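The structures come next, written out as structure tokens.
Both complexes below contain chain A, partnered by chain B and then by chain C.
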Partner chain A sequence: MSRSRLIRRGLISLLLLVFVLFPFVFSNPTYTTIAVFTLIYMTATTAWNGFAGYSGYIPLGHAAFFGTGAYTFAVIAQSNHLGAGYGMFGLIPISGLVAGLVAIPFGLVALRTRRHTFVVITIAIFFLFQLVATNLGITGGSSGLQVVSPNWPGSTYNDPFYFVALGLLVLAVAASWTIRRSRFGLQLLAIRDDEARARGLGVRVGRVKLTAFVISAIPVGMVGAVYAYFVGQVFPQFVFDPLFDLSIALMAFFGGLGTIWGPLLGGLLLEPLQQYLTFSYSVGDLYLIIYGVIFLAVILLLPMGIVPSVSAWLDRRLAGRDRASPPRPAAGGDGDQRPGLVPRPGSST
Partner chain B sequence: MTSLYQGLIDGVLTGAVYALMAAGLTLIFGVMDIINIAQGVFVVLAAYLSYVLAAHFGIDLFVGILITMPALFLLGIAVEWTFIRRLPVQNRTTMSILVTYAVAIIVEGVLSVVFGVNYIQLHGWYITRSIHLLGFYLPYIYVFGCAMAVFLMGAIYLLLYQTRFGRSIRASLQNRTAARLVGINVDRVATLTFGIGVAVTAAGGMVFGATTAFNPNSGYDLISRLLAIVILGGLGSMAGAMAAAISMLVIEDVVAAMWSPLWSEVVFFAALVLVLTLRPQGLFGRSFTRAQ
Partner chain C sequence: MSALLEVEGVSKSFGGLQALNLCTLSVESGKVTGLIGPNGSGKTTLFNVMTGYEPVRQGTVRFKGDPITNLAPDRVFKLGIGRTFQLTRIFPRLTTMENMLIATQHREGWLGSVFRTSASLGPERDRAMELLQFVGIEGLANQPAGNLSYGQRKLLEFAYVLVADPDVLLLDEPAGGVNPSLINHLAEKIRELNDQGKTFLVVEHNMEFVMGICDSLTVMHQGAAIMTGTPAEVRAHPKVLDAYLGGEDGEDDA
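Up next, the complex of A and B:
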């Protein structure tokens, strides 16, 4: 295995270790609460990016799946009078599945339209979900549903949620990574670059888009269920929240749309910020203003996001360094290299 | 049966006001390929402005429009100049959605800081009194609002078809490059069109504020309706926006009158979904020649 791949795997393992140890080092429930929400958002953003980043279609209605997952969890738990405990976590995959099923008609309607109409349709359908949830009897209407909370000790109450959320994150990232490397992922990228040409080359555009859309809905539904269990209450305006959609879009753009690390970085940086803003400035919705300003700054100044911009900057720095020193004709054949090729720092050729 | 007719009339009257606001939205898209998500919150802003003028300066709501309309026109120009112009060229429309969404939540945040989150409503003699016509009660505000909307839409029509500037707009709508080639300053046309598109929200906002209790959060409901109307009518088509507005509002008000107000909103969006399944480009939209 080449050295860089070894380094990369080591770094990822280290990162995973840090995440696993986090709740034991920072056991203050405030921190772990923020951490649970951060993990939830990171997962949702990764899943969303798996569709939006790869296909180029920007859905702003994924909160519909979050809410579906949350309500599925709450409804099943309530109607079967399930006792609280670890067993309830078993409902999470079911919630994800329901969200995925719901995504099928959603996607069938929305994906028939052009890209910008698609964005608007997802917004409209999302509001449809919110309306139905607010008015339907089974969902408890605007007073929402209660979920039984487990009797775990207060100091470590958050930990099971943390690890479940972490597990979901790992799953979502693994799925995103696998898609990226697969033929299916290539087809998505082709659709992003030029849909008509992709169709002409034999890509089953409709099928591919719908599949990716449904796949992206499942993790979002699952974290919705985690949220429902964690918070203990499901209100339509909180689980069907337009700001949720904006947040995950912002996190994905901030980190870098279409990359693996981008959504993770975006979620990791922005979600604690959002939590902090909500706690500090809940009066007067000041956080809305700050959030909007950040969003604007990201879109207008850093349209590619952090990860691609930083890696492009790094490439330029390294290329510049190489060009700054005159090519030496003898040692290692550097003089033969074309300017612009970035030599690996520290390697001999 | 009376409730059916009442719903019909209510739908037509309120539909005209929505048609005006939707026309602004679709005009902006037609000329600039921009979807202005902030349109909803601008309507709410206009309602708040009318409120301030009425409550603090005693200015009548309709007279206040003479002030709020130019104010919102200038705001539209400012927004266009500051943000829309800086949009990256790729995926301009999609980016415009995100940018205007951000502007919308900023304005919403400012409104809730300045005015708080309590619901308010505008007051005036014409709001509580109605014309008793043929056995139906038509609140004066609806009648005046509809008349104003029709008047403004007529003004826009005249602008588009009888003035030179209107011709520039239509040219930019049809083919921006060709318009540039014949000497039209397309950027200036775009900016002014954006201003016009936002200015109409002043009128719509006043009527909205007079007929519905509102708070800074009301923008979401508005924009989702306006978007649904505009897409149903076909993005870029003014006639489509107007037809769609009136049809959707009529359907909603009839459902509310005859069945249940709770589900009328659901019917609103369900109608959109239905039409789109059958005709993705909307009623009057151009069918897709390219997949993008």
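Up next, the complex of A and C:
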């Protein structure tokens, strides 16, 4: 028990070390650029999963928070004539906060619906954001906003962005992990399984769902700000991008919805692939075809995603090994020991 | 004579179907009250109205003398009214223990719940374990509830409603679809809890079970309570025989 915990801690530290050392080993700006985008997507997917994976509600509108974060950053920077430098990263928490505030009315409206209706409503509200950004004066309309880029040396230019994004990723994972282990997370999982029943057991479902929704919007807004500063320009069609929603949803499903590691793995596998395809074939939309194929493959072959499938496979293997070794007392007890009490009509969901 | 839970003149219709028609009922504190009636007589609908799952425009529900008509289910539960469902509803992807802990949430604040780990719930866990032992499924605490058999699910649902220590429990067909020895087990548990002062309102079709545990019975027919009395009185009453055997019955109540 504690040994497996020790192993897990060791693995996590090692993984973190790899991430910290990455830009020093692969210092080629092409690689670090890909890495920054990958971290942005991993963070967004983790945050999205912290709502979608636990509550069972699948929103396809988190790009609204990404764009809100990006625009908040750009608008504040431009309207105050802020220059460029490390201090600009201080705008990131503000961008996350604004995204979180925006998520409140968004959630209040969308969370009145469930299942497919919820998905469609989130897409619709997202398009309202895109429409507003394209037509408002403060957002620069369709010509977008420019952000002054810092004059850091080219060879290590990406590194500050990389480490800020890595910090946000760690934050998002910590939040997801805290939620998963909290009573609040338990309430969310209960909502996923049977919302009306959870309500009948005293769970204030409306408040729980809205809180989780807002919490999931904040990191997405923060990486939106990182994106704005990193790319140096904010256009409505790029920061309010429906493909952003499909991408993070696919990453979470691919890796394993509702797990901590799934979204990380999904983002780590898919985002570099997309960037690589864009870089090497200079066809920006090629990845969409590949994503389509992956989406189909996940639905057909790995409906639970990689992480749950692999851990189920590992469990089976370990169980098989246990059966081969000398018998040991059954752990956890078994209901079948109570013959009178246990009819098994085979109704296991 | 003190009524813990009262229903007065409640009517509810679904389209053209009059599910409840000026229904009046009272549940005495510390008693086990049975609610019987043919299929479609409105028993489950009445439960739904009492626990906030179905809104009504006409009539009042009172708990300890205060009106609770149309309160949301979570509020009703927090006041001390627990219920189980005819078709057992548990959380299949959570473990049995996690299922038990859902109902313990009401004692803390909103942000507090985000930072409080579910593992840190010492006393709540102990209490939950006690209740699992009470119903006899403590060995399954760490199993996903989805792996439980139908009978075990019934016991789990019964146990997790008890976690919040409600004053009154509404049981919707607790003996439906379970084997005879489990029925006896349940009857025993209900009696034990009743001895400790819990009040029950039980919908049940199994007459032997109902007659065995109830102090008084209310018979429903076509959306109204047509009579109340001791099991012996009810059994002998001609109106009851009429409701069950004669007259035009509705369809299945869902």
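In this text, the second predicted complex is superposed on the first by the 315 of 349 C-alpha atoms of A that agree within 3 Å, B and C clash if a C-alpha of one lies under 4 Å from a C-alpha of the other, contacts with A are read in each partner's own complex, and residues count from 1 in each chain.
As a working rule, a residue touches a chain if its C-beta (ideal position, glycine included) is under 8 Å from a C-beta of that chain, and two chains touch if they have at least 3 such contacts.
What you see is a predicted model, and the numbers here were worked out from it, not measured in a lab.
In the superposition on chain A, A:135 contacts chain B only, with no contact to chain C.
In the superposed model, A:154 lies in contact with neither chain B nor chain C.
In the superposed model, A:127 makes contact with chain B only, not with chain C. By the touch criterion defined above, A:295 lies against chain B but remains apart from chain C after alignment on the C-alpha atoms of chain A. By the touch criterion defined above, A:199 lies against chain B and chain C together after alignment on the C-alpha atoms of chain A. On chain A, the surface touched by chain B in one complex and the surface touched by chain C in the other have residues 194, 196, 199, 205 in common. Looking at the complex, you find that chain B touches chain A at residues 33, 35, 83, 86-88, 91, 93-95, 97-99, 101-106, 108-110, 112-113, 116-117, 216, 220-221, 224, 227-228, 231, 235, 262-263, 265-266, 269-270, 272-273, 276-277, 280-281, 288, 290-292. Residue ranges on chain C touching chain A, taken from their complex, read 51, 53, 72-74, 76-78, 83, 85, 89-94, 98, 101-103, 105-106, 108, 110, 113-119, 121, 136-143, 146-152, 155, 160-161, 164, 178-179, 181-182, 185. Those residues of chain A whose C-beta lies close enough to touch chain B in the complex are 56, 58, 60, 108-109, 112-117, 119-121, 123-125, 127-128, 131-132, 135, 194-196, 199, 205, 242-243, 246, 249, 253, 284-293, 295-296, 299-300, 303. In the complex of the two chains, the chain A residues touching chain C come out as 178-179, 181-187, 189-190, 192-194, 196-205, 207, 211, 215, 332-335, 337-338, 340-345, 347-349.
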